[in-house]
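Just so it is clear, A, B, C and D label the chains in written order, and each chain counts residues from 1 on its own.
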Amino acid sequence: MALSYDFELDFKVRDYECDLQGVVNNSVYQNYLEHTRHEFMLSIGLDFADLFKKGIVAVVARIDLAYKTPLVSGDEFTSKLRVEHQGIRYMFYQDIYRKADDKLCLKGVVTTTTVISGRLAVSEEIKEALERVNAKRK
Amino acid sequence: MALSYDFELDFKVRDYECDLQGVVNNSVYQNYLEHTRHEFMLSIGLDFADLFKKGIVAVVARIDLAYKTPLVSGDEFTSKLRVEHQGIRYMFYQDIYRKADDKLCLKGVVTTTTVISGRLAVSEEIKEALERVNAKRK
Amino acid sequence: MALSYDFELDFKVRDYECDLQGVVNNSVYQNYLEHTRHEFMLSIGLDFADLFKKGIVAVVARIDLAYKTPLVSGDEFTSKLRVEHQGIRYMFYQDIYRKADDKLCLKGVVTTTTVISGRLAVSEEIKEALERVNAKRK
Amino acid sequence: MALSYDFELDFKVRDYECDLQGVVNNSVYQNYLEHTRHEFMLSIGLDFADLFKKGIVAVVARIDLAYKTPLVSGDEFTSKLRVEHQGIRYMFYQDIYRKADDKLCLKGVVTTTTVISGRLAVSEEIKEALERVNAKRK
């Protein structure tokens, strides 16, 4: 059974993201994943920078990444995301596929939460936006 | 029982590493961990860039990070590492502690392997260097 | 008289590119400029990574940047480029405009050259490709 | 006559800073220069992040860099800085030397200024700290 995603974003490797091995440096995939999450949030009406200004600090608690196939200079790829709300946590299942052959390059699980007024707390604004995503999915 | 480490490296946060939330961006910790591994390798006679030139490509297969306490501008910290050799894999247990209060900031497990002539293979050079580390530990 | 450009590329600020002041970090503009140059090169049949593999090393000799208006989270912008061939040098005039109001954000001059077999030399491949750009411009 | 510097900071190239040409990427030198300026500021009692929180926004207006010799994996280098106060501007003359042979790698001039309450203005706090530097120099 194919996993369904809530959001997809296209990218192209930029040469400065490659390291001396000639492949995208491992840390850069986190940049791709973060940008994908933030663009997804925007697509459902949530602005990461605005949330921060309002005191709702979205933070990453865990990140678990399996590197499958390295991206290289010139590669185009699609970053796909599925989100699950679990209590105080928002789990993002994020996979990266190379466009040329749809090959899986990275498989990631990013566990995020929100800190409000210095403590872990559910943001009603985020919760409601994600419930709309879930409703749309069914 | 306290975990023993094989290598430690001191760092100081650089302001360009902080993002709009005023904390070190999540991806930057991977830079810290990579630099720590490469300096550890140098300390046991292995040069990451030289290995690559010789066709021994050290790669990260998995990375699992738990973010505990965010580092901010001005923070000094120590990046600690313990390595375990498991068949074709080199497991790096890498933790980051803030110097001011020895608080755990990041707990990571980085699974690496080596690709030689395009296929997963044990590098004798790396294996022997790591065996010397293990021998010294006991 | 308006300056004419040879190439344009659209970008959107990614949040990880912003620093603790909440604006795109100064160094990141060099990433934008480099990616623009490499995409321009591709558009005229030159591949930066391939040139390197063939021993033609394109290098930056000088970079002169005037920061006019800071880009912030969410900004979309266009990176524009004009190239002039001057002997051993390729001068890139590179400007960045914010899309919302066409405001000039960055004005740059990037002086590049090529190193072939360890010494400064004109690459016939690059020279001919740029001559085609000049011919098209008139 | 040798130029005298007000501040020096030692660095070592980190492998993730190198790009597919196997040298430190051009943009990374700006990171080195920024970190040097901020550490210099700290050494004279000025904290970049604190100034920002107090509404004193130190900004780069221009950056002019001449790339002389590329740094590579493993290189240690010293980043040296001299500051001149010119009205609303603080000029930083910043040079990078490779430690192994004292070879000049980068020659830079960074023109900075301060924005207070949304407009260019002299910060008395910065001005006085820099005057102490000048006094010490003579």
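Rule of thumb we're sticking to: a contact is a pair of C-beta atoms (placed from the backbone, for glycine too) under 8 Å apart; a residue touches a chain by one contact, two chains touch by 3 or more.
Since the structure is predicted, the reported quantities are computational estimates derived from the model, not experimental observations.
Relative to chain C, the most remote chain by averaged C-alpha coordinates is B. In terms of C-beta pairs in contact, the better-connected of the chain pairs C-D and B-D is C-D.
In this assembly, the C-alpha centroid of chain B lies 34 Å from the C-alpha centroid of chain C. With centres defined as mean CA coordinates, chain D is found 29 Å away from chain B. Centre-to-centre separation between chain C and chain D, using Cα means, comes to 24 Å. For chain A, the set of residues that touch two or more other chains comprises 15-16, 18, 20, 22, 25, 27, 31, 34, 49, 73. Residues of chain C that touch chain A in their complex: 14-16, 18, 22, 31, 34-35, 38, 42, 47-49, 72-74. Touching chain A in their complex are the following residues of chain B: 20-21, 25-28, 30-31, 34, 49, 52, 57, 59-67, 70.
Residues 15-16, 18-20, 22, 25, 27, 73 of chain B are the ones that touch chain C when the two sit in their complex.
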